[in-house]
Amino acid sequence: MPMADWLRGGRNREKVRDDAAQWVKCPSCGEVLYRPDLSANLDVCVRCSHHFRMHAHDRILSLIDGDFEEIARGILPADPLSWTDKKSYPQKLAADAAKSGMDEAVLCGFGSIGGYELALGVMDFHFRGGTMGSVVGERLTRLIEAATERGLPCAIFTASGGARMEEGMLALMQMAKTTAAVVRLKASGQPFLTVLTDPTTGGVSASFAFQADVILAERNAMIGFAGRRVIEQTIRQRLPDRFQTAEFLLERGHIDGVVDRPNLKPTLERLLGYARAGMQRRKRAELSA
Amino acid sequence: MNPLLEREKGLLELERRIEDLRSANEGQRIDMSAEIASLESKYRQLLAEVFGSLSPWEKVHMARHPRRPTTLGYIAGLDAFDELHGDRMFRDDPAIVGGFARLGGHSIVAIGQQRGRDMKENLARNFGMSTPEGYRKGERLALLAQRFNLPLVTFVDTKGADPGILSEEHAQSEAIAASLEVFAALRVPTLCVVIGEGGSGGALALAIADRVLMLEHSVYSVASPEGCAAILWGDASKADEAAAHLKLTASDLRGFGIVDEVIPEPLGGAHRDAAATVTRVLDRIGAVLDLLESFSLPDLLNARYEKYRRLGSWRDSLATDGAP
Amino acid sequence: MPMADWLRGGRNREKVRDDAAQWVKCPSCGEVLYRPDLSANLDVCVRCSHHFRMHAHDRILSLIDGDFEEIARGILPADPLSWTDKKSYPQKLAADAAKSGMDEAVLCGFGSIGGYELALGVMDFHFRGGTMGSVVGERLTRLIEAATERGLPCAIFTASGGARMEEGMLALMQMAKTTAAVVRLKASGQPFLTVLTDPTTGGVSASFAFQADVILAERNAMIGFAGRRVIEQTIRQRLPDRFQTAEFLLERGHIDGVVDRPNLKPTLERLLGYARAGMQRRKRAELSA
Amino acid sequence: MNPLLEREKGLLELERRIEDLRSANEGQRIDMSAEIASLESKYRQLLAEVFGSLSPWEKVHMARHPRRPTTLGYIAGLDAFDELHGDRMFRDDPAIVGGFARLGGHSIVAIGQQRGRDMKENLARNFGMSTPEGYRKGERLALLAQRFNLPLVTFVDTKGADPGILSEEHAQSEAIAASLEVFAALRVPTLCVVIGEGGSGGALALAIADRVLMLEHSVYSVASPEGCAAILWGDASKADEAAAHLKLTASDLRGFGIVDEVIPEPLGGAHRDAAATVTRVLDRIGAVLDLLESFSLPDLLNARYEKYRRLGSWRDSLATDGAP
């Protein structure tokens, strides 16, 4: 589907945009930013380079050359535990859908970056805090399986508060399900890349996020398994500000690199270039064998 | 304090009195058999009252019962066990125990999470919450099972991952993620038994398996009820409510297809007859291993993939027009 | 060859025995021990269980059921660097041969432990401090290759001060050569076991010693890469006594277990039993495929 | 203090005087070309005197020369470099640098040991002595080359393994041993260049390769001459003597079959024309990669095995009767 149509496609993105306040204050430097300018700058503060959390559609728009072939968009959440606390789970889902313009916490599909075709999954923190339930797991699994079948590299942008409580153990099992798919992707020889964005924690952090061949993180993203508050409550002391930041993880050797948002597309292009070169070597070897 | 201990007090009192009467009765002229039988009947009634139908939150306490058999209890019941240690790099995490073992005709590798059976052991074993070094030890032993071409059996009993600074600094996420990958891909039959508390990603790190068995009163949850209540409602004291919501009991999980078999416990819980429980669990492990050994490796790996591939619950709004 | 003949075979073991003092003082508890009694007790002090360094022949005798089929015994050291300092390299070799009853620092061959056939290599610290030169590398490589060909597990007892200086880079390359053989052994599905005895350091420690599937160590053995003195000179402080002991390494997760010498044979028997069970599973799978 | 720096002083003084004369000569009426030519001839004579024939111990100093091009110098000459970090567990060791790279038509993974180019950088990079985390980073990047199916190029320049407490505590032996295993088994073409000092197991951890190239004045040794002298004679000051014994020069190692190709350096050493050296080395890497790409993977792996299989020197006293 052409990108422009896809962006509108049933997701009330425009409406969301209209409703939103046109001015936003940078939480890092305090600068008041005009929202269209902020969007034009990839949601990065022009003054201090603070990286705002990005909407999945905007992310895809910022990366993909031409059109984006979305897959698994018909996969929508059910309510397996008939969960109700203050509100029912379906009510929570509907509220987040209206607020975020998303119908779940991930978008998956195929497109090209700098001429390199790939499978791309982008999580969105604005829908249920990017939590992973059955739909996130199922969409990503279909993406990874499709990448394996089509013989393409797969990249996933993570943003998640962890597993979605309202789906209980079915949410936890999505870690196992996506892992199984990643194992097959890797066995097929296709590279797997992740970009960890703010925040990436819990069950997403402890599964596909850290299973990639190359793991990048956006500057200053908060990344970890246990939440900061949980650790602070356990050890009864305040953690240093840098703890669990992308930069901290880089020093500690957990990730391959920290990238500023404007550099992400060129960086991915170069990585996909190396992946392509490796695939060409493989094809040459197969031809001469 | 585990509230089950409080509720068991009456039972224990009764048990003691029956025992007293019995020994007093021996070699005495006055026959007190009738009194003993009456007390025994009362005991069974009380037992059924206290334990006949447990709420999810009560099952959480059953799973955490200090006298409930732990991994080392099951290992002690194996026909042989040769413990192996360490992650080869940094530390031997005592919250994970593993090694070669024999069970009936099967040579296997066994790995389990080991919580403490008292406060001192709990401190030594970090309450069964493994650190990244523990997952890496587990991962190494799983790969060793593959190297030796032996089935892998795991015992799950952990509150979850360790919420500590060092564990984050040593890449806890990576350690769990890598363990999942190894278990998903392992080229030998794998079997997991949830024997106590299966807490979140920390449990799952050892729990991807061809067959997942679960003791009747064990629990296995996406988050601890306390953690879930804190996350959703900012109030850990609503854990009982969260426990009810989370569908964390063995029968719930059997219904979802997450657990393949529920192993019954003695009335009152595994700890009331630990020896019988251990025997029953090991019998079931042996029988399931027999079954798993009847499949070819490719069939096993395909079935493992399909089993996890199916898990989840969603609707497909475009299914009618043949969308992906 | 029958074990008794083999033990005598050209190696002057008896002569060495005759020449040796009949009494030895335990360096750990000070007890004065009668050497034949000590030998009968596997070179373990009856009073404090101090483990004396064992001769390779005695080690093999203590482990192997019946006969030992030695291989590669014709492989003897050359002098590729024409090394001479206070003495020439050949003179040093000759002196150690006379003193130790060994013609090089390792014995390799096939035998059975508790009915389980295996390839067994045993290093001996009494010859050139167990240093690895071309002969140690070549004999062990032949052993590992033969294990691969015959489809048998391989176990190596290490005892080494590291690479042998007098063979320069050719000594270092034995790390690469044995590694290559270990890779093929493992690829064939055969288990590889090592038992680290006092001391195991340098190039042996940093190659096959730590490449095994299961790594055991004898109690109180000193094990590490850099020597204790080198580290102490570098950091200019004394190291704790436990540093680099087998027990220290066990705590640090480097090794699978620490074993008392009397338990070694039964432990190896059980490990070989697991290995046999795995091989039988493989054969059953091949038959039914 | 590197003694070569002392000996280079006269040369540098002469260079300065020639340069002064040259600039003075420009636009002057009196022609000093003859004087300049005479000085230049004297300079070439001195250069040949000082560097024409280096002893092994002098080559050690050449290999350690503070201005000798390091891994980062060669990486800067590549057509593209995307650095990757960390061992995924514990630390990003700055003594090992690596990442994806392009060189002419080749996409590769490049890994090198990086010593400091001044004291400050040496402290940051631990004088190029990697810790276990560094070997594990190297091992990870080597496996990444295999995952991406790209040739691997390594640059060796290290005094050796780190003789520190933490490195022992983090299982330095295991880290080197595991790296050797990965490099020996790697299913892509591999190429190693010894650009400076190749010290012992620390160097070998990155140096098992299909082709090992070595700069003319580099050294590669089973132990540092100082270490060897200390081990054998209890006197590190006899390092020059040890250097002569150890046969650690490029031509010695070419003779043993340990090094496949010696890359010539400018007279006076690589640092006297770093740019030309870098270009020459990268040209050779490109050409050798072209060659390696002409082999099938099985042929490559067999040849790699056979190459290391042959190394060593022994006599076979039973060879005539066909013993093993």
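Read from first to last, the chains carry the letters A, B, C and D; within each, the first residue is number 1.
Operating definition for what follows: a residue touches a chain if its C-beta (ideal position, glycine included) is under 8 Å from a C-beta of that chain, and two chains touch if they have at least 3 such contacts.
Because the structure is predicted, anything quoted here is derived from the model rather than measured.
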- Note on the structure: Sorted by label, the chains bordering both chain A and chain D are B
- Message: Quick check: how many Å separate the C-alpha centres of chain C and chain D?
- Response: 33
- Measuring from the mean C-alpha position of chain A to the mean C-alpha position of chain C, what distance in angstrom results? 52
- Query: Mind pulling the chain D residues that touch 2 or more other chains?
  - Reply: 88-90, 171, 174
- Flagged in chain A as touching 2+ other chains are 210, 252-254
- If you connect every pair of chains that touch, what shape comes out? Choose line, ring, star, complete or other. other
- Query: Chain pairs in touch?
  - Reply: A-B, A-D, B-C, B-D, C-D
- Message: For the complex, give me every residue of chain D touching chain C.
- Response: 161-165, 167-169, 171-174, 176-178, 180-181, 184-185, 200-201, 204-205, 208, 220-223, 227-228, 230-233, 241, 245-248, 252-253, 256, 258, 304-305, 308-309, 311-319, 323-324
- Listed in rising order, the residues of chain D that touch chain B in the complex are 88-90, 132, 136, 170-171, 174-175
- Query: Inside the complex, what are the residues of chain B that reach chain C?
  - Reply: 80, 82-93, 100, 107, 133, 137, 144, 147-150, 293, 296-297
- Task: Could you pull out which chain C residues touch chain B in their complex?
- Result: 186, 189, 191, 210, 213-214, 250-257, 267, 270-271, 273-275, 277-279, 281-282, 285, 288-289
- Item | Residue ranges of chain A touching chain B (in the complex, touch as defined) | 71-78, 80-81, 83, 85, 133-135, 137-138, 141-142, 146, 163, 165, 167-177, 179-184, 187, 202-203, 205-211, 223-226, 230-231, 234-235, 239, 243-244, 249, 252-254
